[in-house]
Amino acid sequence: MSFHLILFLAFGAVCVGGAVNLLAQRHPINSALSLIAVMAALAGEYLLLGAEFVAAVQVIVYAGAIMVLFVFVIMLLNAAEEEETRGSRVAFLLGVPGVLTGSVLTAWVVLRHSGTEAVAIGALPGHPTDIAQLLFHDFLLPFEVTSVLILIAIMGAVVLASKPESTARKVD
Amino acid sequence: MNPMLNLWLIPVLPLAGAAINGFLGKRSSRHAVTTIALFFSGAAFAMALSVVARFSSLTLPYHEYLAHWIRSGTFRVDFAFYLDQLSLVMLLVVTGVGFLIHIYSVGYMWDDPSYYRFFSYLNLFMFFMLTLVLASNYLLMFIGWEGVGLASYLLIGFWFTKDSAAAAGKKAFIVNRIGDFGFLIALFLLIKHFGSLNFDQVFQSITPLGAETAGAGLLTTIGILLMVGACGKSAQIPLYIWLPDAMEGPTPVSALIHAATMVTAGVYMVSRSHVIFERAPIALTVVAIIGTLTAFFAATIGVAQTDIKKVLAYSTISQLGYMFMACGVGAFSAGIFHLMTHAFFKGLLFLAAGSVIHAVGGEQDMRKMGGLRTRIPWTFWTMTAGTLAIAGIPGLAGFFSKDEILWRSYQASWAYWLVGLVTAFLTSFYMFRLWFMTFFGEYRGEADAGHGHANHSAHDRHGDHGHGGIHESPKVMVVPLAILAVLSVIGGYVGVPGSLGGNNQFDKFLGPVFHGSAPANAQNAAVGEKAAPEEETEGNEPKKAASTELMFTAISVVVALLGFGLAWQLYYRNPQLPDKIAASMSGAYQTLLHKYYVDELYGALFVKPLIDGSTRILWQGVDRKIIDAAVNDAGDGAKLVSDIVRHMQSGNIRSYAGWVAAGSAVVIAFMIWMGVR
Amino acid sequence: MSVGVFILVSVIKSLVVLIVLLTAVAYTVWLERKIVGRMQNRWGPTRVGPFGLLQPAADGLKFLFKEDLTPPHVYKPLFLAAPMMAVIFALTSISVIPFGNSITLFGYSIPLQITDVNIGLLLILGVTSMGVYGVALAGWSSNNKYSLLGGLRAGAQMVSYEIALGLSLVGVLIQSGSFSLRAIVDAQGGRFLGFIPRWNIFHWQFVGFFIYLMAAYAETNRIPFDLPEAETELVAGYHTEYSSMKFAMFFMAEYANMITVACLATLLFFGGWHGPLAGPPLMRALLPVFWFVAKVFCFLFLYIWVRGTLPRFRYDQLMSFGWKFLLPLAIANLMVTAIVVAW
Amino acid sequence: MVPLSYYLVLSGFLFACGVAGFLIKRNIITIFMSIELMLNGVNLSFVAFAAHWHALSGQVFVFFVMVVAAAEAAVGLAIIIAVYRTRGTLNVDQVNLLKL
């Protein structure tokens, strides 16, 4: 029961708890917060895996930006608790067992077929410079493509979220 | 080394004329159209003459490679031309007669609204015919073959507003298809077994083979199939039915295509393939029998016809029968000889008939003619020359060629000779019948010109210039008549048989083409002997043969005179007699009048079942019940299925997600299963 | 050193830093009140202790003993959690800030920094970005339209300016190719042509510093960007409904953030603890800390000065300024720096 | 020392939870968050593999995934706002105009 394993289990527990809580909570804002917890814990896992940069970016981008957007939208639309519907009950009765069995099966297979090779702390020094090397040399094209993608996403978001009446006002 | 002849120009010139007239003629004046058409056909003729001029200096056969067409493995077909004595003869006939008929048509078609179209078609026909004649391989020949079929279709249906014309055109086209089918199969067989379609290669690979006396072999099959094609094109039994209807076309067309050139393509093809036929006795016999029967039957039918052009049509068929008879007995040169002379006098006859029709204002029924001798002297005298020639009156072209054929057929079998003789008698009979009915006795038609106009529209509508009554044709029509008349008088002297003091020039001329190709093996007695007399005629032939030949000549002359006499009896001395005879033996007469009901027979045998079958089975059965039904049911099925499946499209996002998840779950399960296993 | 000692030292360092920081927060408040008072031509706090020096303690006591009331209709869990989040994130970001070279005590060389991770800067950025939640959730959970507006404003404003902030830092990062704050500071040692200190501000990064300053003000919701808590329009925005200690937490968080930002500015643009060294060894050991604190103090003074001087922006002005001016400028600065460094 | 498989199981569980959330939740926003959860699970396995195979590219992929997630979040949230504006609800069960 090494220190490393303890940390892993701690963060993992937070992850699992957050994920389950995301499902359990009825109010979107709680789900959002539990998701943030999951992401923070995941950042911890990344640190354990020696990927400090990824961990930092995880916190900044996911927890710091994307989830802020979610929370922002939740506040903006003042989302209320979700109400039960017939479809939801059906989905619940079907979905949860299915997902549980699926995950259990996967876990079983993975554990059954995985050797005992372990991952040590900092086994791979994910130093920013190395990552930069990869990102801007080997993966330059995908990088640019993603940049274009995100540009398009920005424009799409602007267009979609712009109020129709505002455009109407522009017209007259 | 051969001088460059530019043979390819000969077909291409008329093509150019056809193109120019076809595309620009509509807007240009009649004179321009005339100039174009005459220039290009004349130029072709001039080229042909130049070829003749340099012919002696050529080493035959002369090949001219133009461009490569099909190259597939070892099999190759080129746009290449081939010139030997045979094709030279054909070349001269086609260009010469064609040119004359072009000239004639200028006068004949002058008033036709689509004058340019006529000449465009005519030039097109020249192009294809020349391609056919000059081709150096069967495939190019086939192209010309089909092309002339097309041209004849276009020209028969030239007045396509007339139902009968359109129908006749279609009939000709379809019947020819049947023949072409056989031809094509023959070509495929040639490719399969000899890997080539070039005349040289095919014949070289065939020459070593022996004759198939044992029974029907490959060559026999090919030969018979080729003969089927020839039957289609050259209107032989059983495919002759299209030619009489083809008279719906303008008379120059009948003269050029359906008498002088196109219909003789079959004969040309057969004699071009003589190497094959000489090794297939059975095929030869088939050819001979078909030719003989055709000659006889067509003649009998011709006896009863009253339409002047129909008479000539049937006589054409029977003359073609003669030619095939000649080929069938291995006397290819004789066949070609007759082909040439026939081109002269039959072209002449048709043109003269056209002139007559023109004179009487579109009337084609001989019973409405008569006494035209004095009214249209030029036509009369030229037609007389033609009639005498075809009837086999000594000294004229038809005499020599027909006599030659009869003599050679006798050498094969007396049966051919006998039927040929009867046919000769019938020929002279119906020809003189036509002659008498047209030119002698009283004029039985209405004299007023106005009536002429009335049935112009029904028939050749050439007479739209209000001509007053009966009148001689213009110079431009008469001159070709005269030239052809001269040709049909003297044309025979190129091939005077030895027995008559000549030494068969024509046969010698064609010698290199036909001789020396006979199969080597001895048991092929039939063809061998038939080939023998030719060599003899060139030199010291035994007096016995000469005397017998003379005797036969005499017999045929007598027969011809008999025919003349009978016709004189019936149609000049007492013209009412024929009706009595017809009444007395009406059964036979009706049969003849209705051409042995062959058309009706074919209609009942092939056409009607075909139509019914395609209506009931193919249209209402297959098309409606299977094809349409399949399509409709497919659509309905799709509708049905999607009607069920669309409930998956609940529009509910989560349900979609559920489907996706389920699918991926299945995939994962499969992968796990694979992994675990 | 052994794990035990390591843990011990870490704990001690954390405690020291925490105490110092909280004290600093308290006295920054006092300082602000004093200076703004002077600027507005009044005394500021004078009664409690000399120069009102004990005022912070008094405020602290007041906050502690005031009634802690939770209004009805608030979403309780978040209403309670929000201030804590704010404080936690504010205090966390201090943990990677170095405030001096390593000193040697009892034979142990101890870096004057709680922990030196090689991505310290990123960590700070991340934590500060998390700081949004405190404000936003507070505004939302207190179920009050002014608060909600305040929260929304805070969220939008922080997310927007975070970009400019990050980009303004990238220039520095390019120049000193590391995320470790200590490394960045070390890269700024030395001088240009003898007398100009080799600080990033003098080393092409003055534009970057300008951008950073603006963005930092917005991030900390200080005037002229304090729209989330615009007293005049939103009646104190997101913390309208908060009282006593919970309000104090927001207060602490704000000033802690100010200090953090000031420290960062010092470290990134003003050479951290670099400064003239002289005197006996102990003094040599402590002078860097002094320089560091001095620079941070300057920045805090600047903060207060600006607050006393500038009016508040309008919200659309704020946004257009951030997106249409600051962001392009930051990108341009980044490009120029990249070119300069590359060449 | 933690075996690789532990990380994989964890990521698998997170992914499964994401799927479950997608299936069970009614609120569009929560559904989107479930998607983010799935992406995070995938990221974890990426990083774990990267550490296991000593190949940094795994971490690079994580960045790409983050970019995609960011784009998706931006557009998705914009869509959510538009939907809310037009339909006045965030419940996916009531956003079913496409239903037959």
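Lettered A, B, C and D in written order, each chain numbered from 1.
The rule is simple: a residue touches a chain if its C-beta (ideal position, glycine included) is under 8 Å from a C-beta of that chain, and two chains touch if they have at least 3 such contacts.
Please read these numbers as outputs of a predicted model, since none were measured by experiment.
**Q** Which chains are in contact with both subunit A and subunit C?
**A** Of all the chains present, none is in contact with both subunit A and subunit C.
**Q** Consider the two chain pairs A-B and A-D; indicate the one with the greater count of contacting C-beta pairs.
**A** If we tally the C-beta pairs in contact for A-D and A-B, the bigger total goes to A-D.
**Q** Taking the mean of all protein CA atoms as the centre, name the chain whose own CA mean is closest to it.
**A** Smallest offset from the overall C-alpha mean is found for D.
**Q** Please identify the chain with the largest separation between its CA centroid and the CA centroid of subunit B.
**A** Here the answer is chain C, farthest from subunit B.
**Q** Using mean CA coordinates as chain centres, what's the gap between subunit B and subunit C in Å?
**A** Whole-Å distance between the two chain centres: 109.
**Q** Just the number, please: Cα centre separation of subunit A and subunit D in whole Å.
**A** 6
**Q** Which whole number of Å gives the spacing of the CA centres of subunit A and subunit B?
**A** The separation of the two C-alpha centroids amounts to 88 Å.
**Q** With chain centres taken as the means of their Cα atoms, state the distance from subunit B to subunit D in Å.
**A** Comparing mean C-alpha positions, subunit D is 83 Å from subunit B.
**Q** Going through subunit D residue by residue, note those that touch at least 2 other chains and give them in order.
**A** Expected reply: 19, 23, 26, 93.
**Q** Check each residue of subunit B and list the ones that touch at least two other chains.
**A** If we look for residues of subunit B contacting two or more partner chains, we find 652, 654, 658, 661.
**Q** Two or more other chains in contact with one residue: find those residues in subunit A.
**A** Those would be 53, 57, 65, 69, 74, 76, 87-88, 91, 94-95, 102, 106.
**Q** Chain pairs that touch, all of them, please.
**A** Those chain pairs which touch are A-B, A-C, A-D, B-D.
**Q** Using the touch rule from the top, collect the residues of subunit A that touch subunit D in their complex.
**A** 2, 4-5, 8, 12, 15-16, 19-20, 22-23, 28, 31-32, 35, 38-39, 42, 45-46, 48-51, 53-54, 57-58, 61-62, 65-67, 69-70, 73-74, 76-77, 79, 82-83, 85, 87-88, 91-92, 94-96, 99-100, 102-103, 106-107, 110-111, 114, 116-120, 123-124, 126, 130-131, 134-135, 138-139, 142, 146, 149-150, 152-154, 156-161, 163-164
**Q** Spell out the part of subunit B that touches subunit A in their complex, as residue ranges.
**A** 652, 654-655, 658, 661, 665, 668-669, 672, 675-676
**Q** Across the complex, what residues on subunit A touch subunit B?
**A** Answer in residue numbers: 87-88, 91, 94-95, 98, 102, 105-106, 109, 112-113.
**Q** In their complex, what parts of subunit D are in touch with subunit B?
**A** Touch residues, subunit D against subunit B: 19, 22-23, 26, 28, 31, 92-93, 95-100.
**Q** Quick check on the complex: what are the subunit D residues that touch subunit A?
**A** Going by the criterion above, the answer is residues 1-10, 12-21, 23-27, 29-30, 32-34, 36-37, 40, 43-44, 47-48, 50-52, 54, 56-57, 59-60, 62-64, 66-75, 77-82, 84-85, 90-91, 93.
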